[in-house]
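Consider the two complexes below, in which chain A is the common component and chain B and chain C are the respective partners.
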Partner chain A sequence: MSNRSKKVLTTRRKREWGAGLLFVSPSVIAMACMVAYPLVLVLIYSFCKVALPKFDLKYIGFENIRKVLTSSQLPIVLKNTILWTFVSLFIRFVLGFASALILQVDFKGKTLFRIITLLPWTMPSIVAANLWRWIYNPDTGILNFLVKQINPAAATNWLGNSSTALMAVIISYSWMGFPYLMLMIVAGLQGIPKEYTEAARIDGANSIQVFFRITLPQLKGFLLILTLLEIISGFNSFDLIFTMTGGGPGVATETVGLNIYRMAFQNYDFGKASSMGILLLVLVMIGFVVYSLGQRRKARRWQG
Partner chain B sequence: MTMNKKKRTLLLILVYTLCILIAVFALAPFVWGISTSLKNNTEVYSLTPTLIPKKMTLANYIAVFHDPSMMKYFRNSLIVSLLSTAVSMVVALLAAYGFSRYRFPGRSAMLTSVLFIRILPRVCLLVPFYMILAKLKLINTIPGLVIVYLVVGMPLTVWLLKGYIDGIPIEVEESAFVDGCGPVQSLIYVVVPMVAPALAAVAMFVFILAWNEFMFPLLFAKDQACRTLSVGLAFYIDETGIQWGQMMAASILMSIPAILVFSYAQRYIVSGLSEGAVKG
Partner chain C sequence: MKRNWVKWLCAVAVVGTLCTGMAIGASAEDKEVRVWLGSWWDGEVEWMTQKFAEDNPGYTLSIELQPIANYQDNATSAILGGSGPDVLSLDTLFLPAMMDQGLLQPLDDFAAENGLTEDKFVDTVYDAGRTEDALYAIPYRFTCTSLYYNKTMFDEAGIEYPTDDITIDGLCELSAQLTKDGKYGFGIAASKNDMANVMTSFVPFLWGEGGDFVNEDITAGTMSTPESIEGIKKWVGLYLDGSVPEGCINYAITADLFPLAMSGEIAMIPMGDSNIVKIDEFAQENGFEWGVCLHPGLVRAAGWSFTIPSSIEDRDGAETFIKWFMQPEILSMNNTVLPALKEAQNMGKWGDELYDIYKKQADQCKNAPQTPAWTQIQLIVTEELQNALSGSVSCEDAAAAMDERINEVLG
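Now for the complex of A and B:
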């Protein structure tokens, strides 16, 4: 290649760089200001005492993290978060999988079923919260009315009773979230080549065998990442608990998300809230590192 | 043959039973809400509740429409959602085109960072978002919310559009370049018409994101002047007193745009979400 054409090429490439960067710059700048910079701030805050209203910082080392980890509320909050995330995930997966499999069968009313099951997902979370608050209402709620028909003693203040509140909110959360899992699982099922299941059928496998030997293994990677994302959204969720119980009664439904909100915007302890946020972030990152390491090992196994 | 037929009937019975159970669970809260919203106050609090109102009335809906603060929240929600949609569409389209058509240093790192937003616990960002918006004097303003939704929506908007633009062969654009078009013209006149359905999906996704969102406006738009419908509904009881009939009516009204848009766009939104999940 002559010197000249090389030079033309590099200037062209440079111009390409410039144009490309120009196109992506609005989004990248927004990301830098609203994601990268904030993350650095959270990291700094978590080692500082933050004095409002001017956000004056005073370095106090691991004091915030120590306070978070030794707080007497932490075990309850963690227990609630884990129950909230995993119990609802289980219910959503069962309902989502059942609906997705139903949609694989041809029957009359399939479209109607699809529309009906999608409905809870389309609802704004605040509307879902209001609908369920009305159902759980202790005096005039329909749930207590129905329960009283069977056993008058079992009627209770579902959201105000610390032994039922968490489960009541979990049911609402599962109601709102299962259609999303249904849609994702349907999308995942469509990705499995028909030849696989047909071949298994010809070899004499029944539906249950096909499901456990072909469908599930084929979906494994997809389900794993879906589970991870859903666990994160479980940690994140705030709307339903905030509006339905406000974390109460007492701390019976207080989860990590609500706890961070309370530290920051009710106690105005931004340092402590930040260190709790960082701990949560580290937890999520560990999950993803483990996941991607697993994926890499699997890829290597397939290649070797 | 008979064996197969028997099996098929059994399967159908199983499917229908499950179907009805799941459908009732999915539908019941909504139907109950609609029923309540159409009742008058005595019937709402009646000790023997009825599914179909004895005396149907639109009084609750009329009351909501005559409530000036609810109408204000409605207007705020509409403005925030429309603005967020417009800003997100432009920014995401430019980014998707840049990522799809150009190679530049840091490209893949930036693309991964966009996806990273998706796995970031949002509650972690509450404090820094608040501080940055406070510094920019955007707390209690509509542009503040628009910026937040732009960033929160980016993983889906950018990746979905990028996927679509990747699918358009470069040759289509090359003829435009030969005709003397620059990249911006080519983007507007060649690419945009071809990705119109994806662009529509992105628009609807952002609209609904902004329409439904509760946590961010609760914290960043506390003022009544810029309060959105979601926050207004959460505090309905504190503001208007315990009026379950009216509250159900307002809730049903708020869910209508979401239901309409979602049922239209769910195919695209799902493909965007699952693509992000698979590639991420």
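Now for the complex of A and C:
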């Protein structure tokens, strides 16, 4: 290629790049405004006393972080958040996988089944929360009514008892979110070439072997992304808990998300709320880094 | 080459459109007065909008109804985000923290110029919007709770109706007597997602026994004094004895206790003026009789006030609306809330004897402590009360924990 042709090509590429950059610039600016700016602001707030209404800042060093870390409620709130996130993640995956696998089979009423399983996801969280409040109501709720038919002694105040309240809200949250996982897994399952399972069957593999040796490994990357999304969503969500128990009884269902919301918008302590947010961010990031390192080491071992 | 031109043209068009859109959006101007009211004002919007436009040419009224859930938080976010309304109505419980944070504008001059002075209002609600330095709120609603009772349930149990001189002990006894066959004598509200309701339910027991949340100069908690502990024990005792429904730990008054009272599951509940008409209509349709008497102890003085958020630069529209609505003949036209203006309390439907009990109860009520830390104190008290209700701790331990945490907040 002559020098002149190279020059023409370079100029054309530059022009194309220029136009491309101009096209993406609104998105880049929007992302910078919507993601980077708030993140930096939260970081700054966490080291300051924030005075409303103009958000005047006074640097106070690690005071907010010290207050958060020495709070007597922190261990309970962290424990609740971890349980809320991971137990609901497990239940959502089990329900999501089961429903998705059922939807892989052709049967009469499949459309109806799909509609019914999607219903919880389409319901606004405030409606779902009140529905579950009614189900768990110890005086008039359907759950206690059914339990009393079998064993009256087992009936309890599901949301009013410190030992059952968290599990009760976790079940409601899992119920609300599993259809999303089901949809995603259905999409993933449809992406697995049928030849793989057919070949495995010809080789004599049974359904369980096909599931664990073909289906799961094929969905691995896909499930990892879903897990990450669900963990992030679990750590941040609190609307259902807020409506069902408000974090009570006592602090039995109080989570980090709810705590941050309360600190910022009810106590007007944006500095402390930001510190709590940063703490949560750091915890999640440590979790992901440890997980990623583990995965990388595993992959190397496989390759080696 | 031609393609490149098209690409460049499109890119410039996209960026240009965005910029033009922003410029157009910023240039809008009008004389609209935006007012935030609670969702329960739904039935009043039409006449208010029409009458305001008739009486105030050049202005239009835009009422934005907000649900009570997260009301304060939504208001705060709107003010801080610069999209707050011209007039923001606030519960008296929200006022101390919002005044302290500089989210509201002083209204002293406006109140003095328009004769909206203390002597014309129920004093408790007027006090709630005032600090030592300034007045930040003009109250339009006064409310408190009286003791509703289902006469039919009392008749069936062969028990005499409660009277205005009923005591806290008397209430507890009646509740125990009326609780049988899956029905309950009384109802308490302890839901952590409606803490104002918890306070309404709890304070008659606390104040009735001579206890209080904090000392007079609001420097220390007083929940572990013998009087306060006695109040806590009596309130919690109702739950532990089974004289109130088991779900009360997560119940709010209007959302949960009121429907149970309507369906005849609970014989007595604290009831505000806004529900009394509903229960009257329901009782007539469903063939049961009801009555209302003074609530024992001291009840919480509650109310709603108009405020002007700090984000508002031009107060003209806001002041025009408040001045207009606070005229006794206009305020009394509303069918939703009992006016805080004494003159309006005897006008229109508010002159009906149905509301006499609330005017009488006004002498037996007081404000929650006027401190910016109230929201936190309320949370602490609710959490520890729930711990005592669920049996996790004793009433004494809950009281000690309340004081420890309140002192930390006040310290």
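Here is the rule we use: the second predicted complex is superposed on the first by the 247 of 304 C-alpha atoms of A that agree within 3 Å, B and C clash if a C-alpha of one lies under 4 Å from a C-alpha of the other, contacts with A are read in each partner's own complex, and residues count from 1 in each chain.
Note that a contact is a pair of C-beta atoms (placed from the backbone, for glycine too) under 8 Å apart; a residue touches a chain by one contact, two chains touch by 3 or more.
Just so we're clear, the structure is a prediction, and the values are computed from it rather than from any experiment.
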item: Side-by-side fit of chain B and chain C on chain A, or clash; value: clash
item: Which of chain B and chain C A:N137 touches, first, second, both or neither; value: both
item: Contacts of A:V35 with chain B and chain C, given as first, second, both or neither; value: first
item: Touching partner for A:V284 - first (chain B), second (chain C), both, neither; value: first
item: First, second, both or neither for A:F265, with chain B first and chain C second; value: both
item: Which of chain B and chain C A:L159 touches, first, second, both or neither; value: second
item: Of chain C and chain B, partner touching more chain A residues; value: B
item: First, second, both or neither for A:G294, with chain B first and chain C second; value: neither
item: Partner chain(s) touched by A:V127 [first = chain B, second = chain C, both, neither]; value: first
item: First (chain B), second (chain C), both or neither touched by A:G247; value: second
item: Touching partner for A:F235 - first (chain B), second (chain C), both, neither; value: first
item: Against chain C, colliding segment of chain B, chosen among 27-35, 45-53, 117-125 or 135-143; value: 135-143
item: Doubly contacted residues of chain A, that is, touched by chain B and again by chain C; value: 16, 19, 22-23, 26, 55, 126, 137, 139-140, 242-243, 261, 265
item: Complex contact set, residues of chain B against chain A; value: 11-12, 15-16, 18-19, 22-23, 25-27, 29-30, 32-33, 36, 44-45, 47, 49, 90-92, 94-95, 97-99, 101-105, 107, 110, 113-114, 116-132, 147-148, 150-151, 154, 158, 183, 211-212, 214-215, 218-219, 230-231, 233-234, 236, 244, 247-248, 251-252, 254-255, 258-259, 262-263, 266, 270-271, 273-274, 277-278, 280
item: Chain C-facing residues of chain A, complex; value: 12, 15-16, 19, 22-23, 25-26, 51-53, 55, 126, 133, 137-140, 157, 159-162, 242-252, 261-262, 265-268
item: Touch list for chain A against partner chain B, complex; value: 16-17, 19-24, 26-28, 30-31, 33-39, 41-42, 45, 55, 95, 98-99, 102, 105, 107, 109, 113, 115-132, 134-135, 137, 139-140, 142, 145, 175, 178-179, 183-184, 187-188, 222, 225-226, 228-229, 232, 235-236, 238-239, 242-243, 256-257, 260-261, 264-265, 270, 273-274, 277-278, 280-281, 284, 288
item: Residues of chain C that touch chain A when the two form their complex; value: 4, 7-8, 10-12, 14-15, 18, 69-70, 72-73, 76-77, 79-80, 97, 101-103, 191-195, 245-247, 249-250, 260, 265, 310-311, 375-376, 379, 382-384, 386-387, 389-390, 392
